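Following are the structures in question.
One chain, subunit A, links the two complexes that follow: it is found with subunit B in the first and with subunit C in the second.
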Partner chain A sequence: MTAGIPVVDSDAKARPSRPYRLAGPSWVVPVLLFLGFFFVIPLGANILRSLQTGQAATNGPLFYYIKLLTDAYYGGIIAETLKVAVISTVLCLIVGYPVAYFMVRFAGRWNTVIVFLLIAPLLTSIIMRTFGWRVLLARRGALTTLLFDWGIIPRPINLADEPFAVYLGLVHVLAPFMILSITAVLQKVDVRLEESARVLGASAFGTFFRITLPLSLDGIATGCILVFVVTCGSFLTMLLLGGGKVTTLSLLIYQQFNVAQDVGFAAAMGNLLLIIGLICLALQAKFLRRSGGKS
Partner chain B sequence: MTALATALPLRRRRRVRYGVIALALYVLLFLGFIAAPIVSVVAVSFSTASFIAFPIPGFSLRWYWRILEYRPFIDALIVSGQVAVLSTMFGTILGVPAALALARSRTTAAAIVSNLLLAPVTVPAIVLGLALLYFLSSLALGISFAALLIAHTVAGIPYIVRTVLSVYRSIPPDLEEAAAILGASRWQTLVHTTLPLVRPGVFAGGLFAILTSLDNLPLSFFFGSASTNTLPVVMLSYMENQFDPSIAAISTVQMLIAIVVLLIADRVYGIEKLTS
Partner chain C sequence: MTLMGAMRASPPSTIGGASIGLPSAVSEHRTTTRGVPLQLLGISKSFGSVQALRPMTQTIEGGEMLALLGPSGCGKTTTLRIIAGFETPDHGSVVIGTHDVTELPPNKRGLGMVFQSYSLFPHMTVGENVAFGLKMRGVSAAERTTRVREMLALVRLTQHEDRQIHQLSGGQQQRIALARALVTNPSTLLLDEPLGALDKNLRERMQFELREIQHRLGITSILVTHDQEEALTMSNRVAVMSDGQVVQVGRPTDVYERPRNRFVAEFLGTANIVAGTVTAQAAERCWRVALAGEPGASALVQSDTPLAPGNTILLAVRPERIEIGPVVAGTMQALIQDVVFRGSYFAYELCVPGQDAPFFAYSQNRKDIPADRRVGLGWQPDNAIVLEDAP
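Our next item is the complex of A and B:
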C-alpha cells in the first residue's frame, strides 16, 4: 500500500507536465527518407568518390587530398580562399558595426526603414548586383569617372576585373547579414550600462571599447562566421568581378566542372570546402554555448 | 557652481550630437552604397546604347523588347518560376509535418533530426549541386527537370522547417488540447487549430524558399540543359559572351517579379506578421 502511493503520485504529476502532442514521430518519416536519399547519400557518395575514383584508385585513397594540400598551386588557392574570406569578414565588420550601432541606439522610427533597405537587395538576383558593380566600375562607369575627377585614380581605367571589385561586391552582398546579426545582440545591451560608464568618467572611446564592444561579441561572432562561410562557398562574385585574378576553391570547382571533368578531384575540393564550413559551425556552437552558459 | 554644473552637461551633449550626425551621414552613405549597383542596373536597362555607359545617352525600351525576342530568357524565366513554386510546395508538404512533430519533442533523437533538416542550408550550394548531379546521374535522372526539382526541394526544406519550428514552439499546446478535449479528431485539430496557428511560419519559410530558389545559381547550373536552364544560368552564360543592357532589363524584370510576389504575400497575409 505504502509502496503503491508514490507510483500513483508520480504518474499524476507527470501527466499535466507532458504537453499535448498532435504530431507523432511518424510524421518525420517522409522528410527523413527524402533527405536521407537525396542529401545524406549523395554527400556520402561524394566522399567515397573522392577516395576511390580516378587517380585515387591507383595512387591511394588520400591522393587528391594530399595533392590539394601539398601542391604549391592548390595550396595557394586554399590560402587565397581563406585570405578572401578573412578580408571580406573584417571589412564587413568594420563597415557594418557603425551602421548596426546607429540602428539600435539612434535610428528610432527610422530603424524599420533601414532594415527594409538592408533586406531589399535580397529581392534582386546576385547577377543583377554583380552586373551593377560592373556598370559602375567600367572604364566609363559612374564610380570610375568620379574617382578620376577627384584625382584618386590617374586615368579612367576598368576597375572591374580587379580584386578591389571582388571585395566591393562581397561586402555589398554580405554586410547586411553582419549588421542584422549585430543588431540582434546589441538590442539586448542595456543603454544604461553605457550611460553609467560615461557618468563615471569614461571617454566615448573607452565606453565603446570596454562596454559596448565586449557586450556585443556574440553578434559579432555570429556575423563573422556567417560571412566567412558564405564567402568560402561563393564563386559568382569572383568569377564576374575578379577578372581571373581571384581564384578561390569554389571558383575552381566551377571551372573544373566546366572544363576538365576530373570527378574525383572535384569531389575532394567540395569536401574540403565542406570541412572548412563544418569547422566554422563547430566554432560557432562552442562560442554560443560558452556565452550562453555565462548568462 | 550651479552655473558650471548646468553648463557641463550642455557642452557634453552638443559634442555627442556632432558624433551622431557624423554617424547618421555615414549610415546614409552606406545605404547609398547598398542601393548604387541596383539603381544603376535599372537606369542602364532603359539605355538607347548597345554598350554600357553611364549616364545613359537616351531613354528607350529596346532592351525590354530584346528580352522578349530572345527565347532562352523567357523559357528560363518559366522554368525558374516552375521550379521555385513546385520545390517550395514539396518542401512544405515534407517539412511542415516534421517540424510539428519535432517542435515539442525534447529527445536527443529529435534534436539530431532537427539538425539534419536544417543542414542543407549550411552546405555550400556548389558542393550540394555537384554531389547531387553525380548521384542522380547514377539513377539515370542526371540532367532533368526532376533532378532540378529535387535539388531545389532539398535546399528549400531548411527555410520552411526553421520558421515553422520557431512559430510552433511559441504557441502553447493549450489550444490544441482544448480542441481535442472538445471532441475534435486529430485531423480536425490539425486543419482547424494547428495549421491556422502556424500559417505565418509556413508563409515566411515558403517565401524565403521561393526567393532563394529563384536566385540559386550554384545549385541550378549543374543541371543545365536547354529545357532545364533557370534564369540565372542563362543570364550567366549570356554575360560570359555579351555585355549589353539586355541583362539589365531582364534583371529589372526579375526584381519586379520578386516585388510582386512580396506584395501579394503582403496582401494575403501582411508583411508585419511575417517578420514578427
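Our next item is the complex of A and C:
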C-alpha cells in the first residue's frame, strides 16, 4: 500500500483528552478528609459539649451562653477581649505601616534583610519571646532601669506585670504580619502614581492620604484581620505578661479548662469567641470588597 | 526682563484653528499661560560616582515642543525629573517664565506631566482623575465639573467621565492622562515617553493627535523619548543627548539632514559612514573627496565650512539619498547582497569593497535590482554630510 506517509483516518475514535494540569480536583480530597476529621467534627462536638455537659445538662442547654452574655463579669471579659484586639491591631498598624512603606519605597536591596529580620523572631518560641520581655521589663530589668534613668517612669516597678507589657508582647509578635500584608499590596502601587499626584499639585501628605493610603487599603485590611483574629485567640501573652490584669476570653477558656475543669463552659466560651471572630471577619470582608473591589 | 520680553514676543499663532470644535472657554483659559518659556541654566546631576547629567543650558521657547532624544541612560529622564522637581540638580537652576523653581517641590511648579504608564489613579473614575489637579488647587466643585467636561471634550472622551480606569483602552488611558495633565492650565507640559506603551498604529495616530493638541493650546512642552520617529514627528526642535549631555539641538529636519557627528547620524535613522581624503576644491562650497577603501573612487561633497585638501574626513549619507546606477569608473562600487521589499520602498544591503560595515540604500523604484549584481553608488554633493568626528 502507500509507503512512508502515515494514513490519517479522521473517523478514528477521538483521542482521549489528556489533563493538561498537574493537579485535578481529586487532589483536595485528603485535605477535606483531614479537615473533616480534625476540624469540623471536633467543632460540632464542641458545640454539643457546650449545650449538654456540666450545668447545661441540668439547667438547660443555653445555660452557659446566657451566663456569658448576661453576667456583668463575663460581659466585661468580652469587652476586654475586643478592646485588646482593637488596640493591638491599631498599634500594629501604626507601627507597621511606616516600616512597610520604608521597605517598599526606600529599602531597595536591603528589603530581603528586613524581611528576614521581621520573620526571624517568629522562628523562636512564643514562650521564649514572652519570657524575654519579662526579663527586660522586670523591676531591675534592662528596659525598666533605662526608662527610670531617663525619667520616663517615676520609680522602678515591675513593668512586666502592667497591661502595657501585654500590648508590647502582642505587637512584637503580630507586627510582622501587618507589615508583610501591607508591603505585599504597597509593592503594587506604582511610585509614579505618587509622582503624578505631586505634579498635579498634591502635597506630600495629600499624596499619601489620597493616593498611597487608599491604594494600600487591601493590605491594611488583610493585616488588620490577621492581627485581630490572632489577638482574639492568644492567651499565652496575657498569661505570662500583664500580671493577670488583662483577662481575655481565650485566657478564661484556658483557665476554665485547666483550672476549673468546667469543660462545658470552656466550650461555650470558645464558640462565643469563634462567633465574635466570624462577625469581625465578615465586617472586614465587606469593607475590603468595597474599597478594594474597584481596582 | 528678557524673559518677559520672550513671553510677550511668543506669537499667538495657530490658535483658533477653525475646523476644530474646541470649546471657546478652553482657549480663553489658555491665553493666560500660553507660551511661557522654560530655561535650564547649567543644571547637572550626579548619582554617586555616575554623572547622569553634565551641565546643561537650554532654553525652550514659549509654546515650543522640545524633544529630548537619546538612548537609555543618556540623561534625558534625569533632565525631565529635575524640571518636574523629583530630583534636585547639583548645580544650576530651572526657570519657568520668570520664576526660579529650582527649590520648589513638584506640587508648587504648576506643571503638567504625562507618564509612559499613564499613571492614572486606579481608585478613581475618569472624571475624578481629571479633576484631581483642580481639587488640589481648591477649585470649586462646580467649576471642576465644567473644566473636566471641557478637557474630556478636547480629548474626545466625553462619554467616559464615569468609567473606571481599567475599562479604558490604552489609547483612551493615554488621552485621559493628557486631559488630567492639561486641565490645570500648566505652564509647561512634560511628556515622559508618552506613547511608549501603545502599539504601532495607535502610536502614530496619537503622535499627530498629541502634537495637534499641544499646538492648539500653544503650551511649552518637553518630550522625552528614545523613539527617533516620535521625536521627529512631534517636536519643533530635537535635542539629541548622549552620555549626560546634549550633542546637537535643532529643528528635526536640520538634525536629520545635518547631523554633527556619527552618533547623531546613526541614532537618528540609518547612516552610511565612509571616510575620505579631501583632494581639491571642485566648485564653490564643493570639494572632491577620495573615498577610503577603494582606490580611484571619489565623490563630490558640499560643505559650508572650507575643507583643507589633504585632510581626512568622515562622511555620512542617508540610505534614501544614495543613488544606485550602473558601474562607472571612478565612483564607488558595490555588490548587492540582499534586497528587502518594505512596502513603500526597496531596501538594499550593499557590500562595498574596503568598508567593514554594509551600506544601505533605499530605492523608491518599482522594480528591484536582483542580488549579487555589481552596481555603482553615487549621491548629490549636498547629500553627503561631513561629520565632526575624526575618522
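Basically, the second predicted complex is superposed on the first by the 246 of 295 C-alpha atoms of A that agree within 3 Å, B and C clash if a C-alpha of one lies under 4 Å from a C-alpha of the other, contacts with A are read in each partner's own complex, and residues count from 1 in each chain.
Heads up, the rule we're going with is that contacts are C-beta pairs under 8 Å (C-beta built on N, C-alpha and C of every residue); 3 or more make two chains touch, one makes a residue touch a chain.
This structure is a prediction, so every number in the text was calculated from the model and none was measured.
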Open item on the list: Just checking: does A:Thr81 make contact with subunit B only, subunit C only, both, or neither of them? Give me first, second, both or neither.
Closed with: neither
Open item on the list: After the superposition on A, what does A:Leu193 contact: first (subunit B), second (subunit C), both or neither?
Closed with: second
- [ ] Mind working out whether A:Val135 is in touch with subunit B, subunit C, both or neither, as first, second, both or neither?
- [x] first
Task: First (subunit B), second (subunit C), both or neither touched by A:Thr222 - done: neither
Task: Superposed model, subunit A: greater residue contact from subunit B or subunit C - done: B
Open item on the list: Is A:Pro25 touching anything from subunit B or subunit C once the two structures are fitted on A? First, second, both or neither.
Closed with: first
TODO: Report for A:Pro214: first if it touches subunit B alone, second if subunit C alone, otherwise both or neither.
DONE: second
Task: Which of subunit B and subunit C A:Thr183 touches, first, second, both or neither - done: neither
- [ ] Could you say whether A:Thr124 touches subunit B, subunit C, both of them, or neither, answering first, second, both or neither?
- [x] first
Task: On subunit A, the residue positions that both subunit B and subunit C contact, one per complex - done: 204
Task: Parts of subunit C lying in touch with subunit A, wherever the complex brings them together - done: 84-86, 105-107, 109, 111-113, 115, 117, 119, 121-123, 132-133, 136-137, 164, 166, 180-181, 184, 190
- [ ] Would you tell me which residues of subunit B are touching subunit A in their complex?
- [x] 16, 19-20, 23-24, 26-27, 30-31, 33-41, 44, 52-55, 94-95, 97-98, 100-102, 104-105, 113, 116-117, 119-120, 122-128, 130-132, 134-136, 138, 150-151, 153-154, 157, 161, 173, 176-177, 180, 186, 189-190, 194, 211, 214-215, 217-218, 221-222, 231-232, 235-236, 239, 243, 247-248, 251-252, 254-255, 258-259, 262
Task: Of all residues in subunit A, those that touch subunit C in their complex - done: 190, 192-193, 195-204, 206, 210-211, 214-215, 294-295
Task: subunit B-touching residues of subunit A, taken from the complex the two chains share - done: 19-28, 30-32, 34-35, 38-43, 45-46, 49, 95, 98-99, 101-103, 106-107, 114, 117-118, 121-136, 138, 140-143, 145, 172, 175-176, 204, 229, 232-236, 240, 250, 253-254, 257, 263, 266-267, 270-271, 273-274, 277, 281
